[in-house]
Amino acid sequence: MKKIEAIIKPFRLDDVKEKLTTLGINGMTVSEVKGFGRQKGHQEIYRGAEYQVDFVSKVKVEVVVEDSKVESALKTIIGVAATGKIGDGKIFVIPVESAVRIRTGENGESAL
Amino acid sequence: MKLFLNLGIWLALPASLAFAGDDPITLESNRAAIELVQSHADYLWTLIAAGLVFFMQAGFALVEAGFTRAKNSINIMMKNLMDFSIGSIVFFAVGFGLMFGVSKGGFIGTTGFFLSDYTPGGDPWVLAFWMFQAVFCATAATIVSGAMAERTKFIGYIFYSIGLSAIIYPIFGGWAWGSLFNGSGWLEGLGFIDFAGSTVVHSVGGWAALAGAIVLGPRIGKYTKDGKIRPIPGHNIPLAALGVFILWLGWFGFNPGSTTAANKDIAMIFVNTNLAAAAGSILAMITSWVKFGKPEISMSLNGALAGLVAITSPCATVSPMSSIIIGAIAGVIVVFSVLFFEKIRVDDPVGAVSVHGVCGAWGTLAAGIFNMGGTSASIIGVQLIGIAACFAWTFPLAFILFKLIDKTIGLRVSKEEEMTGLDQTEHGGNAYPDFEVSSYIQG
Amino acid sequence: MKLFLNLGIWLALPASLAFAGDDPITLESNRAAIELVQSHADYLWTLIAAGLVFFMQAGFALVEAGFTRAKNSINIMMKNLMDFSIGSIVFFAVGFGLMFGVSKGGFIGTTGFFLSDYTPGGDPWVLAFWMFQAVFCATAATIVSGAMAERTKFIGYIFYSIGLSAIIYPIFGGWAWGSLFNGSGWLEGLGFIDFAGSTVVHSVGGWAALAGAIVLGPRIGKYTKDGKIRPIPGHNIPLAALGVFILWLGWFGFNPGSTTAANKDIAMIFVNTNLAAAAGSILAMITSWVKFGKPEISMSLNGALAGLVAITSPCATVSPMSSIIIGAIAGVIVVFSVLFFEKIRVDDPVGAVSVHGVCGAWGTLAAGIFNMGGTSASIIGVQLIGIAACFAWTFPLAFILFKLIDKTIGLRVSKEEEMTGLDQTEHGGNAYPDFEVSSYIQG
Amino acid sequence: MKLFLNLGIWLALPASLAFAGDDPITLESNRAAIELVQSHADYLWTLIAAGLVFFMQAGFALVEAGFTRAKNSINIMMKNLMDFSIGSIVFFAVGFGLMFGVSKGGFIGTTGFFLSDYTPGGDPWVLAFWMFQAVFCATAATIVSGAMAERTKFIGYIFYSIGLSAIIYPIFGGWAWGSLFNGSGWLEGLGFIDFAGSTVVHSVGGWAALAGAIVLGPRIGKYTKDGKIRPIPGHNIPLAALGVFILWLGWFGFNPGSTTAANKDIAMIFVNTNLAAAAGSILAMITSWVKFGKPEISMSLNGALAGLVAITSPCATVSPMSSIIIGAIAGVIVVFSVLFFEKIRVDDPVGAVSVHGVCGAWGTLAAGIFNMGGTSASIIGVQLIGIAACFAWTFPLAFILFKLIDKTIGLRVSKEEEMTGLDQTEHGGNAYPDFEVSSYIQG
Amino acid sequence: MKKIEAIIKPFRLDDVKEKLTTLGINGMTVSEVKGFGRQKGHQEIYRGAEYQVDFVSKVKVEVVVEDSKVESALKTIIGVAATGKIGDGKIFVIPVESAVRIRTGENGESAL
Amino acid sequence: MKKIEAIIKPFRLDDVKEKLTTLGINGMTVSEVKGFGRQKGHQEIYRGAEYQVDFVSKVKVEVVVEDSKVESALKTIIGVAATGKIGDGKIFVIPVESAVRIRTGENGESAL
């Protein structure tokens, strides 16, 4: 199993979620993050002082899938999350040794 | 203060008294003194009421901010601050003259610009009266802000605001209320009843809002590709509710204050205003409950405002019982009206068109139907003429104004800016920097 | 407006004046004119004060919302909006008649339902008076909302609200204040002093709140399995503080307005009200500082309200210095009272029982003790009778009412609903959709 | 209430009337009755205005909280609650006597402590007057809170607050306004014009704020190691904007109420107040737009306040047109002033020094320049003397007071506490427990 | 070392935390997340329009433990976080190559 | 590639970010977390009841780097995030199997 961590633009979330579901991925976990990278944030003014806000608000989507689904999941996410503009985000794939469904105690892929 | 407290006392006592030493007290001097004291009460009430109506600006700002997304809150506060500020200056320079100046054929005022009717030492009534009228003008202007929220270019909004305060509102206002001062309007000539402005203030604002919302088009994400309605939830409901309480309070100045005199009429006006608001919110809640399965708050809040708008015109000429009926009907109307405009793709985030435009029209009609002095086809006919005149004057003119702005300086922000939020793009600010804020509905 | 400005002016001038042309001015006509102007001032003050008391609804709503969790904010706003709206209609239809109608043996009014005491063209005083009394009734009703926050079924709350506004409050109110209009109450007959309602309004609300909190039981998570108290912090302290400032302002209508006349009494009442509130907040702060090691804000805010509630009864009959003492004592009482009720497992999220019930009783007693005209065992005795009567009438009746609702439509939401939050389950809404909100204290 | 309604009516009618049965109505009794009714109107207005000024406390609290970080909101609400509460008691006990008591050589009042000028049954005017003056004192005190926000020890702040309300404000106030009651000040003796207190209230507050900000030093993180200015954004702009609307409303009591009489003067004062505020916010917005490229909200909000502060002194003695000019200039001044103080490392989170100190001075000067009665070198000279006297008295004294507090109980919290936030360290609380709050700017 | 990522219902957090402590686990990191899965969210109404809120608010607990403690930790979490209702959540186990305590620079298990 | 997860004190973030940039690390993802550990939180009072707030607010910095940069990144973070006080936080190193830049689809180290 792998955990796919995708850092994307917030307003792409709906589509990413939708498309992943069509792959039979039944669950995911989402959180709000602040991103720092090539996309350089923006200027703000407050009481006359300008200042640079480096962080851009992004959404982190975490989805754990069986190895067989990794490829398709990646493709899908890239497909819908890409706008072609700097700041579209990254996807990281991380190994997962085991997964458990708390409700049932089920272990392994059936837990997803 | 010294200087003036003395002068204060001096004025506070009947002028004649000032020389009481020499002057003998007579029946006539007493009568004059009585009238002076009464006029002091009239000034007091008119100005206190003006203060309450001013406070409605805060109410409008909160309702609008609460019913929209966090990323546009600064922009909304700026619009509300500016249409009152700019409106005050513009109404001082131009609007008041067009509305209450000596009238050309009942259509347009021609004198009294820059408050020229006031001369130091002269009768200050024009000042008290101006103040009360100025806050009314600002109310009409600010109504539009809500319907255009979350996508309007700030500079474009400012130009609209000037146009409404300088021309659209005052000229129509003069038709119905001009004779309150130096003017004389053709509409009031027909016997049109609009005591505190369901039509003059609220419908004018509401129809201008309709024009604005149409010219702008809906917010990104309000309708899905496949044309379904996508609600865009307001970001701070407690603030919106506070706004409605403040508006309700302000209406106790708006309606009873329209006597511009301290007399016993204000009692019934006050009661009617309150009962209509109460009935409006209850019926709107019930309607939402029946239709959606739950008592929905934004509709209930709109219902209170709908009742208030509806009673604004008839508040002085209908019974308390009629007021309840008028408010209740408004509470039902507003729910269906909001749904209707949403269906026809007029994206009005706060329901301004339904609350002020539609319910303003309903209230004006109701003033004819429920008139305590009895009603008649002709009375109702005149009310309908007034309602129609308001739409016929306001909507096209506002539409043209918005189109003009759109073609020149631009009325709507870019897709990018709208998605980022106006606070950042228009004002370089962030309303809630210490909180993690985000709205996923961005098209 | 035209129509009415003229009429306005017409009324604004002494009636006799209207025909000044014909009528000769006489001493008597002047005297009549003077009285008319004075009555205009009385109307003005009574209605402005009513407006201020209305605004207290916003204050209560903010305090309650601020002192509870984000997930219940919509529900709280709805309750506060509805108990004022429904209360207005119910008090118009039923309550006012039971409170101020011609009294059966000093126990219950029998006339004046649906404001039938007012006839078009007749004396409008009843309207001004009704308005002032209606906002008082709504105040009593809304006090209870806070004590029942975060776990009450909305529909159940509405039925309670009707019961209090229609029956519990008006009947008791008639005992103490009936003779202000057509009634005559047994309690006032004994010489009971409750100028602005420490008992009539606040204790009634407070004891009903106590009944409600007991019938409901504590919120999930308020007490740990092992019986320890678990604080459930309010989600928006700045809003709560704003609410207290608004309430303080409203009290300047609540107490001085209870003269329902524009006279010089209001000066001392105003000063006393302010000094008691100030002393209350200071002493509550100090008490919290001493007891908890830090100046705690929710107690300090409650302290200001405690002082205001306590001075409500004696405000017109005690000296400014006494007012400070009365408020200060209330500020201490409220802290210990809150802790006491928490200890005995009465879960009152905003401290309504302590602020309005307990300090209302204290204020009523204080009116006897600190009476400027001098005090006596009998004066104090009567005050104690009034305090006891209030509890004996309100608590059992409210208790039964809540039990009845509980057994029929249900008073408390399910465990699931409570944990999810009433905004979502009762109203299908979300007060702060753009923010990540969560509360871990859920049992 | 019964007791008093009767008494109310009794007092509401001219005393003579009370025995109308016996007493014959005479010209003189009518005249006396007229004066009584007028005085009732004066009481009404003075007290309603006092209520509006009281409400400004809420406005100041919201502006300060909105312009600072979430982690200090509780502390800010506590400071604002306490400087009004403590200020009321202190001004009752000490301040009023020093300000309005019989004066020693125009420098300090010596009578009227603990409101001893009022004796039960005596003329209650002193109570109405005290109430109005007390809210003014509290305004001066609360101005300072904003400039010292986010780093001041609560206990230290309380001692400052006592010092200002008991000594600094009243003594200076007596110089300019003492003769409004029993006093007589040297400054008013020279003919100093400060109708509603641009200098007496606002500059006193502003210069004390300057002293406080200097003694405290800037907040951690306000300036980077390499000395660059680091903005610390306010956490809740909608609340700050609401605060400004509330302040604007309150000013309609602050300025027109300073007649302490219901007369026709209030009309012009009201209009001038509004126009100056409007002009101030517009010009501040334009200035920020030109200077920063965007219409910045905190500056626009400050601009409205700057206009209000500036017109406070001249509001009764200049024309509406002059008021626009005065407000507009204030709107420009405030922007540059804020930038200036920031540059010289006076860290004033809300701009209190610029708004109240600097624009207060400007308004006082403007009262001389734009005086309707015509101006002269001597008039302007006296205004300058007043402005200078205010700074010369307030700044050093406040500076010493703050230094004293600093050396004894301590004025500033520790670095750790400041970084954690005063809500937690000073009050053991959390203003927004249901939200994830954080501010990265912590040095 | 492993990182245990448990996505649970917010109101179970207190108990989970408590129980883990009894295992001698001295630290953990918690964050608010939005969950998407079998538990299907709820309907909301706003101004008359109904809409589906798919995400359920969950809490993510991250705790890094030496391998020996993984089993017991899993058991404990399942024990207290399970309510038997859909939406109880998941637990994922992820390999951790090294851990450092910033304060001391200590490395490895002693850093936990 | 490795993912470095550093849990630090919020007000150290600016410096950490700055220093990492000097290492030529072009991006990172930051989120607000609640930390539980040796640093024991604080007491709060509400309406007279005292209660312990166990969680301390921390910031989680996630940065994915090529293996060669792990050492220097760790050193840097420790260097700037350490205040010597309890609660400075932890750093965990987690294997990453692949990284993708959504915008371009680039894979591997060039995606960072």
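Going by the order they are written in, the chains are A, B, C, D, E and F; count residues from 1 in each one.
Everything below uses one rule, namely that a residue touches a chain if its C-beta (ideal position, glycine included) is under 8 Å from a C-beta of that chain, and two chains touch if they have at least 3 such contacts.
All figures in this text were calculated on a predicted structure; none of them were measured in a lab.
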Counterpart interface for D-F, drawn from B-E, A-B or C-F and sharing over half of its contact pairs: A-B
Distance between chain centroids, defined by C-alpha means - chain C, chain E (Å): 47
Just curious, how far off is chain F from chain B if you go by their C-alpha centres, in Å? 52
Could you grab the centroid distance between chain B and chain D? Build each centroid from C-alpha atoms only and quote it in angstrom. 30
Going by residue number, chain E touches two or more other chains at 31-32, 44-46, 50, 94-95
Taking each residue of chain C in turn, which ones touch at least two of the other chains? 27, 30, 34, 37, 39, 41, 44, 48, 233-234, 236, 292-294, 296, 298, 427-430, 432, 435-436, 438-439
Listed by label, touching pairs are A-B, A-D, A-E, A-F, B-C, B-D, B-E, C-D, C-E, C-F, D-F, E-F
Inside the complex, what are the residues of chain D that reach chain A? 229-234, 288, 291-294, 296, 298-299, 335, 338-339, 342, 351
Where on chain E does chain C make contact in their complex? 10-11, 13-14, 32, 42-46, 50, 53, 57, 59
Which residues of chain A touch chain E once you look at their complex with the stated criterion? 3, 17, 26-31, 64, 94-103, 105, 111-112
Touching residues of chain D toward chain F in the complex: what are they? 419, 424, 427-430, 436, 438-443
In the complex, chain B residues that touch chain D: 1-5, 7-9, 11-14, 17, 25-27, 30, 33-34, 37, 39-41, 43-44, 47-48, 50-51, 54-55, 57-58, 61-62, 65, 73-74, 77-78, 80-82, 84-86, 88-89, 92, 114-115, 118, 120, 124-125, 127-128, 130-131, 134, 154, 236, 239, 426-436
